[in-house]
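Each chain carries a letter (A, B, C and D) given by its place in the written order, and its residues are counted from 1.
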């Protein structure tokens, strides 16, 4: 069987999740080409080596530049902090590698556009890691909306709620530092729900936003990427330079209205990535913490028996889900990445357009950019891609 | 407008609920005759007097015999402890009064049969207070099952779970004394779910049961009906003479299987009167703590969008519910009694058969009787009405 | 016992609900004065007469001016369309009557202020009908927040979602006509959640809003208040002059952030008045469709057993709820008005300040006003009372 | 690192699940020995070969006897139909292999005892595949009950509800044939909930049961194991020789009462393996379809804020769960097998007793045996191990 050889940059949270996907995909899906886990690399050599062994990679590289330069690699998978996506993706494109890049695509809109241009010029396949599109429940939502089952869409209210930094003693990790993360809840969480809204509702036309940093200073962490690590020993605090929460109202090009809220200060919400979409024919609701379920209200059911229906999206006829287990045997978080990798391999072997690709990533970045502008200017801002 | 004049015996929990029903029914339902709250009576005169004033009765009587003897009363409503239902109902029947009697109909099957015979002989209208039939969600369930929406029924699992006597220091109230209550969880809670099962699934053919009294002795209460009160001052404990929990498996005449469980020892369940009914075409689920909701699974929905649907039974097209408020404005516990009284007045003015009547009450009593027999004999027992 | 004599203007939806409250309150709550339902009046005499009979009023009046003029009335209860609240309330105040006025207090901020001034000058008790404050679950939420159980509040996301006018053929009733209703979803639904936010979180400092009318024209209704009725026969359509949906982001004076959304286009949501409030110590969630439940997440629970807890607010120790039934026997929509009337009678007999009073109503009106300004100007607007 | 070399018999549903576990375990858990997937075998050579390739086994064997005979294998994993567990396990024990055997342990109690004796004699490690013990939520339940958080246990109501054979045209697969499956819903589903009850509540003393086969005949499948396959071409129907549903009431040695129900005729329940356990201090509830959640009611919470708490069992402090992803990123069905294999490897490397081992499997088999006896005799039956 044909092989698709993978090289991955980054071995942390997303590195673990993507490794799992390459290790698992062939056992559940019929592939035209088999992914081969060639090498992983990351910031520290000993950690890259350990990750290679633990996650099933054939080897590792010390420098990502060397990984990209290798002849025996077809795909570069980028799971690093947002501020290095751009340089790594452009290098990969120039080397003619297909690219799967974690979200948000970049730290800025300009970077994102440069990445898209580089990938297009190199004629490689490019995908952004908005993995929630691959939740079977969201695949079903997409199918239903495309079939017109919701009719004209009036509203989406989308939230991504977490609570892991409520404690003021939680340290200043890279995700709280603007120069590494680009933004806070906005880019980390908001990017996901913006992409879901683009996918299910359509393009956002304009928005009004506000952002907040509730805890302005935090203890420097004991160990951190780059310069921050050094200061840690001093027991000092550092300034939080990203948003803790970002909220905006949006108007879509098709006339729908949206409310969006991304926060890391919503106690009890661990991974509350959810939405409700109201159309003229019905409603869909989703919450990732119950990711196997999609709630559906059909205004065309008989009048005395309308209600929100909890579809357990684990049937053989459900996209992705059918490849795994019998009905009622639920899937978990990392399955979304297996589906993502499955689709990306399909895109490569069938020469089809990935979804979402870097152009979709640019669109999300444009919204993130508009949110930051609006939060500063206190004006409605038109989204410009 | 024609009047239907009510006399009620009992002013406690059920007396309060039934009084509310007579006070409210005309404001929400169109009636052919208006109920007039003539008089209430009960064990203690001062309490009957206070209840009359508080609940809106024109007057009160000291003795129930006098109430029944009054010429200006058409209906006797019995809300007393179970051990006096029989004597009061038979007296009312002999006096030619229509009777609404709280459940369970009696303390024993023999009593229940005697009550039915007396009511039939007197040609009065008779109804048993299984108020849960009047929950709009259950009225909808009944309608759906009658229309065949569930197909052939395979299973019912019915529970009535409460938790108010888990504490061993909870006193020995009348509900825990066999000679007053007849039985414990069985007659108090089990009777309700047996009636619901009869109503929705059909007649029970045979059963195997077990009962348990987890706490064998309890403090005598400071004040109680009759002789128990006297002993209270002594600080002594008394023996619990009823079941704390009653469980049984049943086979229905139509081939369905049932599990039934009534208990006062299910922590966290306050009024957990619920069931799940599985048929060849679908399933219905109900829990009284969310009494405005009926869950429905339809096997004939499209394969990729089947799911349990939460019907909020508050639409104008829903029986009973439409008389109250706009959709989504939920009803509460006491509404079931308003519906019960509405139906009973309809039965009287239209000369139709109440549901459930004393014959239905006898059928429930026969099951209660079979449960007690089986719990003792450890054998399957055929239900004999 | 002392009596408090009530006169009510309006016999429609709210008239039915308030009538129920006066009829029921004495049967459940211990009162220092008993409400007497003297007279009701409304637009059409025959309907007022029918309502008096059905809902238990001693009599009726043809003109509200005559009702207010009566010597034997202590309280004027106003349940009319919003555009006449002002004139009726001011007249009642001048006549020295206590006033319970439905929400929103008025059609404009100026009217609301005039009403407050009149009531203050007359030294009468004044209350606005934000009945949701009287849901036992919200009373519990208030108590918990006041005790500090949520810590510092970061977020509220409040929605009031309905779906009754999605159908474009739904007629142009008074609630869709600006000169009668003042506004649409904003004043009808938004007013409630604004008041809840004021009550539980604090005052709103500034906001950015957008509103939308999805269906611009609708059939004129067969019968309607005033001039609209005449046109109905013509089969013509009329212009919808209010918002179908209103959304805003808010900043509270205490630093909390809020998202608010009121809409009549959220399919499947019948009376989806709900919120989630996130604080440093925990979270509370509520949805009126399950009004007996309050969800609570406590960050101080042991780490391995934290979770959203569904408190069934029907215990004896819960405010209001304890007056009704045993635990688990739930309450419904109209109970909130019984509680409201109970509290208002308490305010009158104890000479205490009602909550919410007209000053609170003015504060809500100021927010409604700011929303309309912001929706027009597309600017953040400071709320000015 | 030390290796533990695995040979597996069976490549169907459980074969796929166990393969996944061996492939995944080292990437998430720190192991003292690394599992090596040596060889798989099964009924048909070409399928075994395909499974080996797809699931990541080094090779395959044609005959299970040859697999067991191999020197380079330490563990035999048995995922075959129940009727061959016994002969395969005894052979494996005699060859000195550690054994992980799917549930139920055997087709009969006698077989189960023989397997236990063989494994004990051979001094090998033995485990039964009751994978639900490895759901993190159940591990938490176990921990809480052992700590006494539930107090004295009064009740368990356990169900395992599925709906995959409601259609009478569903064919007569091996699970519906007594000589291959031993029993129907009883052994397939009931065995799981019996083991969970043993694990969480204690040993069952006696029981009364009933079983039913709703559909007595079914079409013979187009292809099936052994002799059935031949008849398939004939278009004939065959007799269903196992139960479709099995229900029983149980008394535990510690005084608790249990209701158990296993059925494949509960429409809408896909994998409804759940329970509610009521104790003197609180209650736990679980449903596998939301396997990441455990519901907990604590009677010792403050009176006004008691409620069922949904613990999302995905925290770092939760057993098993902490090894995977951040909080709120849920796990799925197959994770339970990864945990099972992790624990079994720990048992082997640390020389500790597996849980559940064959002795636990015998205990479950004794209950299954008692259920069948009771269903036939219509008597209460004492469970005899």
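As a convention for this text, a contact is a pair of C-beta atoms (placed from the backbone, for glycine too) under 8 Å apart; a residue touches a chain by one contact, two chains touch by 3 or more.
Remember, it's a predicted structure, so these values are computed and weren't measured experimentally.
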Common contacts of chain C and chain D?
A, B
Going by the average position of its CA atoms, which chain sits the greatest distance from chain A?
B
On C-alpha atoms alone, could you tell me the rotation angle mapping chain A onto chain B? Nearest 5 degrees is fine.
180
Could you grab the centroid distance between chain A and chain B? Build each centroid from C-alpha atoms only and quote it in angstrom.
55
Averaged-CA centre spacing for the pair chain C and chain B, given as whole angstrom:
36
Separation of chain A from chain C, taking each centre as the mean of its C-alpha atoms, in whole Å
41
Where in chain C do residues touch two or more other chains at once?
269, 306-308, 312
Over in the complex, which chain A residues touch chain C? Could you list them?
154-155, 157, 159, 161, 163, 166, 208-210, 212, 214, 245, 247-249, 251, 255, 257, 259, 261, 263, 265-269, 276, 278-283, 297, 299, 306-308, 378-380
Using the touch definition up top, name the residues of chain D that touch chain C in the complex.
140, 143-144, 293-294, 296, 301, 303-312, 315, 317-318
Per the touch rule above, chain A residues touching chain D in the complex are 13, 16-17, 19-20, 23-24, 26-27, 54-56, 162, 164, 269-272, 288-292, 312, 314, 324-335
